[in-house]
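Think of it as A, B, C, D, E, F and G in the order they're written, each chain with its own count starting at 1.
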Amino acid sequence: MSLAVAPILVPLFFGALSLALWRYRIAQRVLGLVGTLVLLAVAIRLFQVVHAEGMVVLHMGGWAAPLGITLAVDMLGAIMVVLTGITGLAIALFSMGDTPERHEHFGYYPLMHLLLAGVAGSFVTGDIFNLYVWFEVMLIASFALLTLGGERAQMEGAIKYVTLNLFSSAIFLSAVGILYGLLGTLNMADIAQKIDQVENTAMINVVAVMFMVAFGIKASAFPLFFWLPASYHTPLVGVSALFAGLLTKVGVYALFRMFTIVFDHDVAYTHEILVWVAGLTMLSGVLGAAAQYEFRRILSFHIVSQIGYMILGLALYTPLAIIGGVFYIMHHIIVKTTLFLVSGVTYRIAGTHELKDLGGFFRSRPMLSVLFLIPAFSLAGMPPLSGFFAKFIVIRAGVEAEAWGVTAVALLVGLLTLYSMTKIWAEVFWKAAPDTESGEPAGQGSTVGLGWMYTAIAGLAACTVFIGLNGEPIYALAETAADQLLNPDRYIRAVLEARP
Amino acid sequence: MMLLAVLSGFILALFAPLICRVAGDRCGWVFALLPATLFVWFAWLLPEVMANGAQVVRYPWFPAMEINLDFLIDGLSLMFALLISGIGTFILIYAGGYLKGHPYLGRFYVVMLSFMASMLGVVLSDNLVTLFVFWELTSITSYLLIGFEHEDVKARASALQGLFVTVAGGLALMAGLIMLGTMAGSYSLNDVLASDADLLGHEWAVPMLLCILAGAFTKSAQVPFHFWLPNAMAAPTPVSAFLHSATMVKAGVYLLARLNPALGEAELWTLLLSFFGGLTMFTGAFMAITHTGAKKVLAYSTIMALGTLVMLIGIGTHYALVAFATFLVAHSLYKGALFMIAGILDHETGTKDVAEMGGLASLMPVTSVAAAVAALSLAGLPPLLGFVGKELMFEAVLDAPAWQMLLPVLAFGAGIGVMVAAGIIAIKPFYGKRLETPKHPHEAPVSMLAGPVVLAGLSLLFGVALFIPEQTLVAPVVASLGGAAEKVHLALWHGINMPLILSLGCLVVAGLILRFWSRLQPQLDVLREGLGRFGPEAGYFRIMEWLTRIATWQTRVLQNGTMGNYMITLALTTVGITGFTLITQYGVPLRLPVPDSGFAAGIALLMIVSAFFATGTVSRLGSVAAMSIVGFAVALIFILFSAPDLGITQILVETLTVILLVLVLFRLPGFTRMSSPLERWRDIIVAVMVGALMTVLILAATEVQFFEPISAEHVARSVSDGHGRNIVNVILVDFRALDTLGEMFVLALAAVGVYSMIRLKAEDQTA
Amino acid sequence: MMDLIIAVFLISGAAFMLLAALGILRLPDLPTRMHSSTKAGAMGAMLIMVGVVIGFAEWLALARGLAIVLFIMATTPIAAHAIGRAGYIIGVPLWDGTIKDELRENYDTRTHGLRSDAADQDEPRL
Amino acid sequence: METLMAYIVGAMFAAAVYMMLRRSIVKLVIGLMLLSNAANLLIFTVAGMRQGAPPLVPEGAEVPASAVADPLPQALILTAIVIAFGVLAFSVVLIHRAYEVVGTDDLDRMKDTDT
Amino acid sequence: MREANTLILRTAALLLVPMQLLFSVFLLLRGHDEPGGGFIAGLVASGAVVLFLFSYGVSATRELLRVDPRDFLGVGLLIGLASILPSLILGQPAMTAQWWQIPLPGGDYYKFSTPLIFDVGVYLTVIGSILTMVVGLSESEESDA
Amino acid sequence: MIAFFWNVILALLWVALTGSFSGGNLLAGFVFGYLALAVMQRHIPVLHGYSQRVPRFMAFALFFLKELFVANVRVAYDVITPVWYMKPGVIAMRLEAESDIEITLVANLISLTPGTLSLDVSDDRKVLYIHAMFMADEQELRDSLHELERRILRVLR
Amino acid sequence: MNSFVLTLVYSMLALAMLMAAIRLGKGPSLPDRVVAIELISSMVVGIIGVHALDTGVLSFLDVAIVVALVAFLASIGFARFIERGGPRE
């Protein structure tokens, strides 16, 4: 009955095993695929149990909450874990075709496993300090993955990424310390329960705001996002995609977790701040993208912008808004990963990410073009893809909450997102390739392994189409998740009353 | 069945490339089977709907969000569906001929069929959101169609422009529809139209109206959003023909017509629609005569028609509604025909400029006749359906409730404009002196002729046999629009009345203009250029330019690459938001430090002095050395305050850190002073602010303790349950072993990261 | 009585520490400072440990005290040797009052070799 | 002591931030070290400081004879120290590599990825 | 280049390294009851190997260790994870500690437990990590020089 | 060295046999073991001279502590007084010690004695270079250094 | 233990540490600073000893053992660094 910890232990195990077998490249590749497959399998199993029972609580070591570390997986956590599995598997597949041998020799696969472990750990834990630990696991795995190529841009980007994220970690840690000083506990449910008993919540608000800053940095919210556009376009494409899909979402997840279950004592104050953050994040991210002319840079800025939508869902704090936020997270993880992976194929073929040097892909690779168009239009919120419903729910929530300003921003940002996506489309796919007779991409890159890459992309694109055409069950999941988030009492009872 | 009807286009689209490969040049005929079948089916539905009223067919899709594939079948939707499928049939056939041998014919049909299906979805949807879904799909597919010749930069720019404008409006529309749905309590159009709720009295009424109008106006190319439409001519002619005649641009008109029963009573609705409609009508007509490209002229005449339709909905009187329905049908027929003819012309002659053509009638007799008929309908001359539509339109504007004098004047001008345009299209290329063209023209193939001939023929047939459109199309539409269907009566001759006089006036003036058309050109060019400089399209370009400029500026300011600025922003944000919360909600708990242990205080002071020294010294190694004193001091603080494990760990870590540092620092440069004094002061201020915040936070946090820590239980159970006397270690390896597990992996990860960095470098060097 | 003995050891240990600190603060060059720090520092620590062990009056304390003293005696001179040698080799300047340097001429700055032949013929007198 | 420590820790945060604001990447290392020390001390301070009562149970006893210092923050800080060490080790090597690859230690000249 | 601090440091290292290693094992084993534990012990042991490394250089250190530091890393992590297995096999919540009394001659018992295995995993991981870094850095330093 | 090792093992055996692990008992075990070895040493070659070496070690320890204290005071005096009486310099000292252990121990103990600091050993391991603080009488210094070396070697050999 | 004696000892040690720290700050050469660190680590051993006696907690002596056994590694590291030709400051 330790299913809740499986999403952590599986990648940890495969990561450790890959490290132990560091000499054998083929073993690493096999473990890469098998490990992510198993992760997805346990994630789905966990999801099924959560779906059936509402929540899965595991007191690690048999120490009942709040004594030990308790893993508490509710619907949101389960969804996130499944998404982790999906993304992990897609990246593993893609990596089969795209990872240079020397990267495989120097820990690419172990780092990938452990990054997934950190991500999954963040999603399942119900302990605030344990969350810090998984954040760090994730963070340092990402540091290492970011710098794996040793290129100049990677180094420059990594310095910013590392420094700003460490600042965030320091604030996170300080906030945990202060929270412990105030409430004497680390278990989220226990914290939530105790906060409910506090009359003067001034200090609680202070701590809440600190968490907001710390997670805001991790989530790359305005004005704390600098590290992301500075670094996400630099590593291997598979790594970029993994980061883009999952990492910032962990920050968003943490905001969702903390600002529903735990810090729901003064929504008028805390979530009002979040509304502003959401609006400015959307806007500044999308404007950043509009100024870019490099494939992955555009995509990177759009992560920022899209984070704004998710935060908006949280900030409006109505059931529908939270549903929208959760839906948006699900959609965005898949779509963003896909887009980055597509950039990997174009890079492989044309050897550049610069829009001006790319072109001719619609002519030469119609399949890839379709596989780009689907997530691109989905990202821009075009129907009937997943992004449309995600945006629609958030906007509807915004309208119903009469949050006119931020809703208008959300709409405008949708338009500008479309602008960016069509920019990529026009430059990379429509335009004839520059400097070639045929107008087709020059094709310096080897096409070995493209099959793996296409498989990953096609699988994810199928997911976004599936979510789009089949929104109802996904919505139902988001609804369950939102319902649980908005009723912290159930969470608290489930955690504190569960027996080991 | 309905669902299949709407989605069949998408399904067929999936197989389009395959079919193209199999059927080869004749694939257009194959594809046309689908719309033809649909046409028959819709036609078959018509009598039933006329007899029993509107029907709603429901297919659940996303019921939780009230988003369902529900279809509303009534006169209005069926009329549109018939136009789409009917004209679509000929367009698909036509495209096969027009794009014969084109390498991307398969892709073309994929998008074209999707576009057709989307359009059917728009006009048939009962659900506001589903309608919007299809609405956006038309935007996307038309984007792909306009940009079909995508290696041409102009095609790409035009495609983007069309998409940008229509999606911008579309987003407003989405907000508007959400508001409407929320206000009405249902997203079903049928429910909205039947709703008892006081929609117009609701406080959201005005924003809702404006949002919906923004969507409709952009889609239907109303002034000032009209500019994208002529540019969309970059698309292959079959696309233009389809877009302009029966689809895309009509979506906005459809939506307005659809919502007219619910919203038509609003004064704002009447004012805005009739004003912008009238203005658009006039502008379109006027612009049409300033151009010489056949497709451009037609495009502006489409704008004129769209304006007319919108204006008529706005006027909303019985005449206006009848005029709307009649004009709509007439326009779809002649515009489809004329576009296909324009396509034939450029296909056969190799030029798009009407001014370069002349005397083609003898070479292309069938085309010239079809062109003449369609153009007469466009000009609004009897006995064609266009004439009836125009007469009704004059009738409507003459007793419009709003903009009393303005609308007739605009309408008169527009009447002149379309007549001139018709002349340009139908007379100029076919008659007069034979001009040499880049290609030697022949009569077009059957596939390309079928459309123009049939549509032009219908224009004539409907004009002569008015009862057919009256009963099958106009009356049902008027009923759907909330008018009195039984009062609909179309006639060619109403006696000598004001509309007829206006028509004659138009004819006279238009004849004069046509007579001197070539002489007017230079003046018109000047005028057009002036408008180009100040018109809405210039506005669009300015917006796009400003967008880029603002984006670049913002990025330069925020994402400027200067790490210091990033840190300052982060630090100040932290200080600002946390400090604000603390000060406003808690206060500033300043206390003076009174150490209870002088020695510990001394160590603490030593620590901070060393820390400052490490910060201030110009010697890099001095700094590292000072940091190890800081480390020792921290360890001592830990030890003095009862944390031996921490003390040991701190010292060990400090030692190993020094070792690591000296291994690496060796190859790094020394400290250099790079910042200006001003920057240093700025940084000091920021740093002090962060420090002050942390101090105040700790002071506050140590004042308050709401609950006893849970660790009392750790202490109590460490020996009995954890079997260990070092409570910290029991926590680390048992109570909270998961933390430690994670931490192990952190260390391992750091090692892997370090190793790969140095090893990959070593490989670089050997490589 | 016991307290007095402990106090004497502790205070003298601390005094040596103070002395060592004063030494490295006052003495004019690196080697002389090292004389002060390594010896007096180790001496101070050892004296304090003696006081502590007496104070605890426990076998475990004795064992630990012995271990500490042993470790200090083992590590301090090695560190001193390493630093002193390094300082000398990179040419940290000696005090003006230094009267003799028999090392310099035997040290090859290029190969870092250290000869013995030129050394003073200082045979041990038995 | 907590009051004094509040000022000390604040000062350490200030020093850390100041170093992190320097343009020289070498100074960044010092900043990171100070930052993690400051955060650890913050936890230590806020959790309450108690002298001479380490959380150890005497041999043969079930519970400590008298009140002991809170062991939980100590465990947290221990974890944090080790994590910070790992991160620092990585950062140091990263900075070294960055210096090698970019050829400067001036952060303001490492703008390629942003502009 | 002349290896630094040859004679004195090398000899001293020979004496000190075993002492440090022994002490680290001591710290590891009794960490559950007194200050110490896997981390601290691992750090001390790493210190010992670093001393050896500084005295004898990289290749000698590699010979001393016999296995690559990275193997310590993988094995340590796997041992840490393996300590979770008993709880999983017994169907208890993951990481539930298992205690076994191993009888010693003389009627005493030795307390053997999964937390101890876990701590050993930590110990090896710490050694593996630090040595991977330090040995790697020294190697690249040597290749630089 | 082997003999000492034996002694330790005997002590541990004693502890195990008596079943009480206290410092006192360990010391007792060590003493009994020492006595046993002292009796046995004539018959076992590796134990030769072990019984003498322990008292010699004790004596050396006392000597060393005295030296340490005296020399420390001397340094202390110079540090405290404002004027420098010292005459520092670097001297080369011929080594009698031969093995690595001997050289290292000699060097380290010289370093621990105030006023002298081992800087380095020559490559051929014949000369120890020493920084001395008080070289007013160089010969006396050399003598005392050699004396120290002899005493160390006597304990070791 | 007599609190006066302890206070005195603590004060002396604190003063000593301060002075060592001053040398560390002044340098001028890196070896000078390292010497100061080395001395301070000895002082830390002493302080921990006194503190152990002060509080009566024997376990603190373990910390002192670790310091005595390991702290010199930093000096060795610095020395190695200096000899390998790190820039002289």
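By definition in this document, a residue touches a chain if its C-beta (ideal position, glycine included) is under 8 Å from a C-beta of that chain, and two chains touch if they have at least 3 such contacts.
This is a predicted model, so every value here is computed, not measured.
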Chain-contact steps, minimal, separating chain C from chain A: 2
Report the chain whose mean Cα position is at the greatest distance from that of chain A. F
Between E-G and A-B, name the chain pair that shares the greater number of C-beta pairs in contact. A-B
Among all other chains, pick the one whose mean CA position is farthest from the mean CA position of chain G. B
Between chain E and chain F, what's the gap in Å when you average each chain's C-alpha atoms? 32
Chain D and chain G, separation of their C-alpha mean positions in angstrom: 20
Provide the C-alpha centroid distance between chain B and chain G, rounded to the nearest whole angstrom. 69
Would you mind pulling out the distance in Å between where the CA atoms of chain B average out and where those of chain F do? 88
Multi-chain contact sites of chain D, meaning residues that touch two or more partners: 16, 20, 38, 40, 42, 46-48, 51-54, 56, 59, 72-73, 76, 78-79, 82-83, 86-87, 89-90, 93-95, 97, 107, 110-114
Where chain E touches two or more other chains at once, by residue number: 2, 5, 8-9, 12, 15-16, 19, 33-36, 39-40, 43-44, 47, 50, 70, 73, 77, 80-81, 95, 97, 126, 129, 133, 137, 141
Mark out which residues of chain F touch at least two other chains, giving numbers and ranges. 107-108, 118, 120-121, 123
Pairwise chain contacts under the document criterion: A-B, A-D, A-E, B-D, B-E, B-G, C-E, C-F, C-G, D-E, D-G, E-F, E-G
Within the complex, which stretch of chain E touches chain F? 2, 6-8, 10-12, 14-15, 106
Which chain A residues qualify as touching chain D in the complex? 129, 132-133, 136, 139-140, 143-144, 147, 150-153, 155-160, 162-163, 166-167, 169-170, 173-174, 176-178, 180-181, 186, 226, 229-231, 233-234
For the complex, give me every residue of chain B touching chain A. 60-65, 67, 107, 129, 132-134, 136-137, 139-140, 143, 147, 150-151, 153, 156, 159-160, 163-164, 167-168, 171-172, 174-175, 178-179, 182, 207, 547-548, 550-552, 554-555, 558-559, 561, 563, 566-567, 569-571, 573-574, 577-578, 581-582, 585-586, 694, 697-698, 700-702, 704-711, 713-714, 717, 734-739, 741-743, 745-746, 748-750, 752-753, 755-757, 759-761, 763-764
If you look only at chain D, which of its residues touch chain A in the complex? 16, 20, 25, 28, 32, 35-36, 38-40, 42-43, 46-48, 72-73, 76, 79-80, 83, 86-87, 90-91, 94-95, 97-98, 101-102, 107, 110-114
Interfacial residue positions of chain G with respect to chain E in the complex: 59, 62-63, 65-66, 69-70, 73, 76-77, 79-80, 83-84
